[in-house]
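We just call them A, B, C and D in the order they show up, numbering each chain from 1.
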Amino acid sequence: MSIQKKIKVGILGATGMVGQNYLKLLDNHPWFEVVALAASEKSSGKPFQEAVTNRWLMDTEIPDDCKEIVVDDVKEVRAVSEKCQMVFSCFEISDKELIKEYEELYAKEGLAVVSNASANRWTEDVPMILPEINHKHLKIIDIQRKRMGSQGFIVVKPNCSVQSYLTPVFALEQAGFEVEKMIVNTLQAVSGAGYPGVPSLSMIDNVIPYISGEEEKSEKEPQKILGSVVGEKINNRSTLNISAHCNRVPVVDGHLACVSLKFAEKKPSREEILNIWSNFSSKPQKLNLPFAPLNPITYKEEENRPQPRLDRNTDKAMTVTLGRLRECKVFDYRFVGLSHNTARGAAGGGILNAELLVAEGYVS
Amino acid sequence: MSIQKKIKVGILGATGMVGQNYLKLLDNHPWFEVVALAASEKSSGKPFQEAVTNRWLMDTEIPDDCKEIVVDDVKEVRAVSEKCQMVFSCFEISDKELIKEYEELYAKEGLAVVSNASANRWTEDVPMILPEINHKHLKIIDIQRKRMGSQGFIVVKPNCSVQSYLTPVFALEQAGFEVEKMIVNTLQAVSGAGYPGVPSLSMIDNVIPYISGEEEKSEKEPQKILGSVVGEKINNRSTLNISAHCNRVPVVDGHLACVSLKFAEKKPSREEILNIWSNFSSKPQKLNLPFAPLNPITYKEEENRPQPRLDRNTDKAMTVTLGRLRECKVFDYRFVGLSHNTARGAAGGGILNAELLVAEGYVS
Amino acid sequence: MSIQKKIKVGILGATGMVGQNYLKLLDNHPWFEVVALAASEKSSGKPFQEAVTNRWLMDTEIPDDCKEIVVDDVKEVRAVSEKCQMVFSCFEISDKELIKEYEELYAKEGLAVVSNASANRWTEDVPMILPEINHKHLKIIDIQRKRMGSQGFIVVKPNCSVQSYLTPVFALEQAGFEVEKMIVNTLQAVSGAGYPGVPSLSMIDNVIPYISGEEEKSEKEPQKILGSVVGEKINNRSTLNISAHCNRVPVVDGHLACVSLKFAEKKPSREEILNIWSNFSSKPQKLNLPFAPLNPITYKEEENRPQPRLDRNTDKAMTVTLGRLRECKVFDYRFVGLSHNTARGAAGGGILNAELLVAEGYVS
Amino acid sequence: MSIQKKIKVGILGATGMVGQNYLKLLDNHPWFEVVALAASEKSSGKPFQEAVTNRWLMDTEIPDDCKEIVVDDVKEVRAVSEKCQMVFSCFEISDKELIKEYEELYAKEGLAVVSNASANRWTEDVPMILPEINHKHLKIIDIQRKRMGSQGFIVVKPNCSVQSYLTPVFALEQAGFEVEKMIVNTLQAVSGAGYPGVPSLSMIDNVIPYISGEEEKSEKEPQKILGSVVGEKINNRSTLNISAHCNRVPVVDGHLACVSLKFAEKKPSREEILNIWSNFSSKPQKLNLPFAPLNPITYKEEENRPQPRLDRNTDKAMTVTLGRLRECKVFDYRFVGLSHNTARGAAGGGILNAELLVAEGYVS
């Protein structure tokens, strides 16, 4: 697929960590052109470069096109909306009600709002999209548009920890092997907590066996993603029980998940599983979306992989890297999954959602 | 209990990491006097201080008493044995058969061999002791002495990862709540791999989801420890199923375990569990052994504890620190356990075993 | 020296990181009894244990004696002063003028104020004490008392980076070898920045070649410490030129300094230097102060020492550990120095100052 | 410049860390085609992919073209030579005499030997090339060819720590400001020690103030690089005195240098220095070599830069990033320099040397 004219996009929360990741990843994007950068009142009115003085934390330079863009006040919804067809929402504030309100305001202005925030994840008519799994949920956008009274709408992505274990499970279920129970243990990177985030005193010679709110998200969000659109809402898939324990570890990028799972009835052989995973491909691959990994799942044969530093960037940092598939002494199988939390799990995942929306005709 | 005359002890493998930990912890021990330091032929004949030039890796000085001890060749079994009543075996070689052979040779010379090595853990008449749990297994020493044809014998301790989850489970079982299934996920410190051990290139901005041989030990050893002496052997407790996934993380000392468990029949309330743990006390406490922690189990109420750097040294680094007890979405309960792997899990655990042997009259 | 009755002390800023270090180190102190814990209004009125819920960051428990002390509002100067003879000032606020004001208010109430803050370091009649170097500066307290109009006074300690290079230089100067120039490069631990302090994203796979304000302090403070009391003021020793470059590195505790120095005229031999250092002893040693290290300077012969993790705790964490003395290709000599920044460089150093004041009769 | 036909290259020591970096960086190189991979006898005869099973440590996949190349025995000089026009020498053995011998054997077979090893750095007719500085030294190759009795020759690159401080100094000298003295303090990444290299026990919560042999190289090699070819040899520039102190820090890639320098006579202003650096460009830029950075020197204005993780990859990881230029209290100026040690400082630097040789007609 090629695009006639680039789509004009804005970033809400552009000066924050996720916003900076969007800027980094959208540099030279074949479909999207960044035209608006919105942030808090404090930054508004300044050229972006000036607004992030001593706060640009990417390991690449600020894209040249964006250095001089004057930052908008994110509350000036109409002014920002007039410039864009789509916005990426990555507010870094703790007030979820406020985020929800602003995402709706932007949608009501007719924009596609592609969100990284958790505020709208449980809104009934808002699809929570992991493109390789539930691209079909997009059809609920029609319902949402009615509520908004405009062509605008909101699409969200799940929490950054989810894809490392959910994509492989979905591949198995799609092949006819329903999963009933999972115990998931995550070792999560510090970039997931933003900046300044986790203090270094807590991450030198240490790990923290707790991340606020993370276990709840890791357990519940899969039920919506694996659900199905029935009438005007998404029915959760409540028969998959997940117990998640989330740890913070001194890794910059890359969330690791150690998974034990039990099938509901039929249990595939190890070879069947490896086959299913290596052949798994989905809509983003068929549509050849720019940010789609060639393979949604990559399996490493080495006994000590995946490792965050060595494997997180595989396939544009957008694949899920698996390893160590073996029998479980208590359930059926165990494996390890890894995905890049700020690429696949945040800005990269948001961009893939946006590409899917374009390719499926929801943005034009 | 007080001792008339200090017991003379030797260390087999004194120049290695575990050996150095023994030296550090035995400094000023009220019952034991280090009189022999044995190592490979390469070190033998040199004063200990010289033998470890540029290789002493403790954060304390070499104990003054030991600096000038001339290192023995560990293969000169008789020469070493003549000096000691007991030896701590912490060979750092990979040939388990050789370790087994030498531990037996020392036992046959009449010594108590208190071992950290895994070589004899599955020898039928060798007890694998975690003093708070299975001190009663010591009675099999009588059987073993017959085989040795001497008053000598071997006692081993389990793998360093085991106590962080097994002590709390045992406390529950002893109170009448049998555990049927456990899924355990460990985050283990690099000191567990010795020196040089894990390369820094693998531990900066990284974790490794694999430790060779560790999962097997973590799953199997509890069955022997929870077993019972029947006649001339220890019957394993095979009804406890454990699935262990072991990760290496960039922490110096302190193994963390995230545990989900399911009871066989009766399920205690959260309050009951906390009560059982806070009241748990056992033989080493009753005997007031010098290295016994005041409380075998310490529970932290804070939501983000235990943490290795902050909690590993609690109660002489000999307690197991627990936290985050909560319901599990798949099994019954979940919690986090921490124990200091080079103290409680290695040299400190060995010394506690030795103290138990003295207090119970097996060494005199 | 022994004390008849323990001296009652308070901690101003008790809930902060340095305050917590004071509490940890003062536990069971033979001369001092902690009776008052003062902090901001937010904490006041609560039992200390409650005030630091989820914020106690030491690797030891809160001392039992202090758990139930009700926190005072640090602004209630009289109320706090009535309980104590001495206060340790470790405010964690950025407003230096305010700190200065409060330290004076406490002094005017008749208390000895032993400060870790930088606010009064350049006040003319306030001595900046490194006890092994300039204990004689205490005599300026008499001048200060006049200004205060009370028996109270303020004594400060220098920045945490200073002792690792200044004590060894002073020892050489005292032996007749005046130093003219020094280029100092520090590798400083994150605990020096307090909590939350340096973000972990900046300290994993990274170092930062900059610490705000640190180079200025490292260059200037030695001039006052090495100065001499003349009449009513301290004359700076302006003939010692120091160039300091300060780096932040991912180490929990322990500041390292790489030093190149040039002597003014006479240049000692390497043997002379080692001799001077190994024989160096001063007032705190003579007075046998509880927190005085046995040796103010410890020299390690190994080619790769001192190292923060292995050497910072030597001699109660109060000595300066040196190593790698060798010729410099540009100046005369080079060496590496290490001192524990939160012990010797902060709370421990403050306690040693307090002990010196008691032993010299300034507090009774 | 474009190339008619790709030049066939081999890698001596292909299975080691530097060898793997060469493979990673040469993937899709416009001028070079990897046709031979040589290693020790142990690996020879195996497809490369098999030879590095569990030992491929790059964060990218093995290039497809190289996976099936059968590894040669590096000692089969003729067999390897027949396939290539040039070899990159990155032996990972400690026997320098042996490396020297083999590099000569390959040169005598007519090959251009581009070496990362230190074995031939002080061979009189072997140029030690940092292309932006001493590309003119290549003319000594004619002398060397006579000694070899072939068109083959050896070119070496300096130690990985050198460019971070030498390129900026050279730029100043070329502009007429001769430097007389430098005190350099390096904070070096662990990848510089290869694999397994530095143990993680030494790099968690620690730094090491010593790297074997590194200070000597850092002090001496600049004298040869800044020297000039006179007749049949390179005269060292002995009037530049450098004192280097080298530290190992827990950083994966990127060597940092803190530099204080004194000019011989004329001293430029800060603005002049910044101007000289920002305008500095040299032969590799003029020739537009594929691996040449656009700017050999990049200056960052932020007060806390350069930082290894954020800046090491700037300009293809081939520039030297500088920051913090300011007056020195003891010498004239101070600054901080950073270069990527495994890219610019090892394989990338070797490739740039190779490109220079091709562009200058020494390889055809």
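Convention: a contact is a pair of C-beta atoms (placed from the backbone, for glycine too) under 8 Å apart; a residue touches a chain by one contact, two chains touch by 3 or more.
Owing to the predicted nature of the structure, the values given are computational and were not obtained by experimental measurement.
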| item | value |
| --- | --- |
| Longest centre-to-centre distance from chain D, chain (CA-based) | B |
| Cα superposition of chain B on its sequence copy chain D - rotation in ° rounded to nearest 5 | 180 |
| Interchain centroid distance [CA atoms averaged], chain B/chain D, Å | 48 |
| Separation of mean Cα positions, chain B and chain A [Å, integer] | 43 |
| Rounded Å distance between chain B and chain C, as computed from the means of their C-alpha atoms | 40 |
| For chain C, residues contacting two or more additional chains | 57, 202, 204-205, 250-252, 303-304, 309-310 |
| Chain A to chain B touching residues, read off their complex | 181-183, 185, 187, 202, 204-210, 219, 241-245, 247, 249-252, 256, 258, 260, 303-310, 323-324, 328-331, 334, 336 |
| Contact footprint of chain B on chain C as seen in their complex | 53-54, 57-61, 204-205, 252, 302-304, 309-314 |
| Complex interface listing, chain A residues touching chain C | 57, 190-191, 195-205, 250-252 |
